[in-house]
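Two complexes come next, and they have one chain in common, subunit A, joined by subunit B in the first and subunit C in the second.
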Partner chain A sequence: MPGISAETVPSPAPRGKYPLPRLTKPKAPAGTIYRGNVGMWSWVLHRITGVAIFFFLLVHILDTALVRVSPEAYNAVIGTYKNPIMGLGEVALVAAIGLHALNGLRIILVDFWAWGTKHQKLLQWIVVILWIILLIGFVPRHLMNVFSE
Partner chain B sequence: MTTTIESPRAPRTVRRGGVNWEKWGWIYMRVSGVVLVVLIFGHLFVNLMLGDGVKALDFAFVGGKLSNPFWQIWDTLLLWLALIHGANGMRTITNDYAHNRLVGVVLKGAILAATVVLLILGTLVIYTFDPCPAGSPADLLASFCTAG
Partner chain C sequence: MASDVLEKKGPRAHDAVPTFTVTMIVRRFDPEVDEEPRWVDYDLEMHGTDRVLDALHKIKWEIDGSLAFRRSCAHGVCGSDAMRINGRNRLACKTLLKDLDVSQPIYVEALKGLPLEKDLIVDMEPFFDSFRDVQPFLMASSKPKDGKERLQSPEERARFDDTTKCILCAACTSSCPVFWTDGQYFGPAAIVNAHRFIFDSRDEGAQVRMDILNDKEGVWRCRTTFNCTDACPRGIQVTQAIAEVKQAIMRGKP
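And then the complex of A and B:
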């Protein structure tokens, strides 16, 4: 018996009845509703902040572990957290965590709550506003602590 | 770069039974995220905002906190939830960008190894910590070390 060749398989969709969609090649990979939109930037920032916090946490567990070495060793390292350059680094860290946390909560609301999906633009703005409020509460007080004697 | 999109009629393997780990990972990211908001902002508030903030942190400060079971449990939850959440997120990112199989396996192995080692180390630190080590100058220790 001869093998079944492509020609012997009946065409699943008769042409006339189901016209094939016309596909045109896009000229540039731009102009989707997603690319370049706020949704893309919040995703990029969520990624970058997540990675940054992860690496901070790796170091932070090691520096805290110095309490098992000696009080002097721990104080020497935690002392570096108090200098002005590190103080600015802590502002950046809190800003990153604040953004990741608020944006994470937004993702969760959009995933589980139909209202959140429908009003996701509004939620984006709420994230930005709460983030600014958080930083207004934190940054001046922290900088006063860092730069005071 | 060409991308082949499979015919919708192409045969595919359908999962039957077994644990859907990817789904549980997805759920874990969300559940741990909600809890971490409380744990992390509580941690930052107590350590950076109360009193003199970052200037007040030293061995004696940690001695005071970690001799209290409340903060021991707080820090344990913070350690485990944050590190596993972060590691699982790093795994997702590795899957997205490491197109070479070997590179992916090596990176994910490194993430897993670092996570396991730091979970053990961090947990041991919390529960074996001695706030009043013998022979250390009293002015570096919490006040309760010298009282009585």
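And then the complex of A and C:
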């Protein structure tokens, strides 16, 4: 219809007992984070540890290859690793590799063994428990070495 | 007469159900106005017997008629009203409000990973394209014996019973982290429907479907996060079905 501007169009009035809907600031404009179960989070951790291990291996291969260039340079580089920050980094490295390895075995069982698919939650917790046992065996001994030198 | 009885009884039975106030926060998007989706709050008085779908109806019918969402049967059969409720894919018609924490706001948004069209409506075409690609129909070249039925033993029928339950609501496919980042992935629902025919003793197209799914974007994309199994409103063991198809492909036969 001609002649009707935006002002003359009646806005939908609130009816009944409900107040007008409130507009809120976008708390999460991109939507909420999907609330997946342990399976999704173990996948996320598997991906993160996988990428981290890849970058470690890159550096590791480079510094090991240095021994072919000159043993003195190799010794100098390895010598710089002997400090508490690197010691803590080694704890993170073993934790990441342990989790990635155990979780990888779990994924193989889930893929190839019908029992594993059915009891995947139990397998998740077995992975966590084995991982903690692994760390209990490694971390105290390792930290004693790092901080006693 | 009958309606008299109904009218007298109706309100009383209604009042017997306790009510509570619930805040619904709906992620709304009008493609003609909004550049980005926005969250809108609604305070509603609901009953203990109400579902999330009833709350959405209340918003649409009593507060803001422009709210757009799909629903058809409203009883968990048609699979139209899958959406993300409090961060998980659910059917709005099968989720009771009282089973959620109503002391907290309830967040409702469209399925993730499919193109958003309006409010809670997503474009389902990419989802149905993958479904069509696995050729989800009986392939049989031979005539049935005695010209009537293709007989099957109860054991043969039970082999694929779980995957016959799919209602194509897309809750599984749009809960899959792989599908969010790689829209080319067939997705759990297509694999479930392939499974339904691959393991059907009457079907002759298993090899065709296994070849289709033995692809970079096929079953090997599955990372067994079990999001699909948790999301399925029909309780289909989706990840297990995908694992069975993986194994069938490696064996080379169902």
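Here is the rule we use: the second predicted complex is superposed on the first by the 114 of 149 C-alpha atoms of A that agree within 3 Å, B and C clash if a C-alpha of one lies under 4 Å from a C-alpha of the other, contacts with A are read in each partner's own complex, and residues count from 1 in each chain.
As a working rule, contacts are C-beta pairs under 8 Å (C-beta built on N, C-alpha and C of every residue); 3 or more make two chains touch, one makes a residue touch a chain.
Just so it is clear, the model here is predicted, and its values are computed rather than measured.
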First (subunit B), second (subunit C), both or neither touched by A:118: second
Which superposed partner A:43 touches (first subunit B, second subunit C, both, neither): second
Which superposed partner A:138 touches (first subunit B, second subunit C, both, neither): first
Contacts of A:80 with subunit B and subunit C, given as first, second, both or neither: neither
Which superposed partner A:110 touches (first subunit B, second subunit C, both, neither): second
Subunit A residues contacted in one complex by subunit B, in the other by subunit C: 12, 107, 111-112
Subunit C-facing residues of subunit A, complex: 12, 14-19, 21-24, 26-29, 31-37, 39-40, 42-44, 107, 110-112, 114, 117-118, 120
Subunit B residues touching subunit A - in the complex, by the definition given at the top: 9, 30, 33-34, 36-37, 40-41, 44, 48-49, 52-55, 57-60, 62-63, 66, 79, 82-83, 86-87, 89-90, 93, 114, 118, 121-122, 124-125, 128-129, 133, 136-137, 140-141
Residues of subunit A touching subunit B in the complex: 12, 47, 50-51, 53-54, 57-58, 61-62, 64-65, 67-68, 70-72, 74-75, 78-79, 81-82, 87, 90, 94, 97, 101, 104-105, 107-108, 111-112, 138, 141-142, 145-146, 148
Of all residues in subunit C, those that touch subunit A in their complex: 25, 27, 36-45, 62-65, 84, 86-88, 107, 109, 112, 175, 177, 223-227, 230, 237, 239-240, 243-244, 246-247
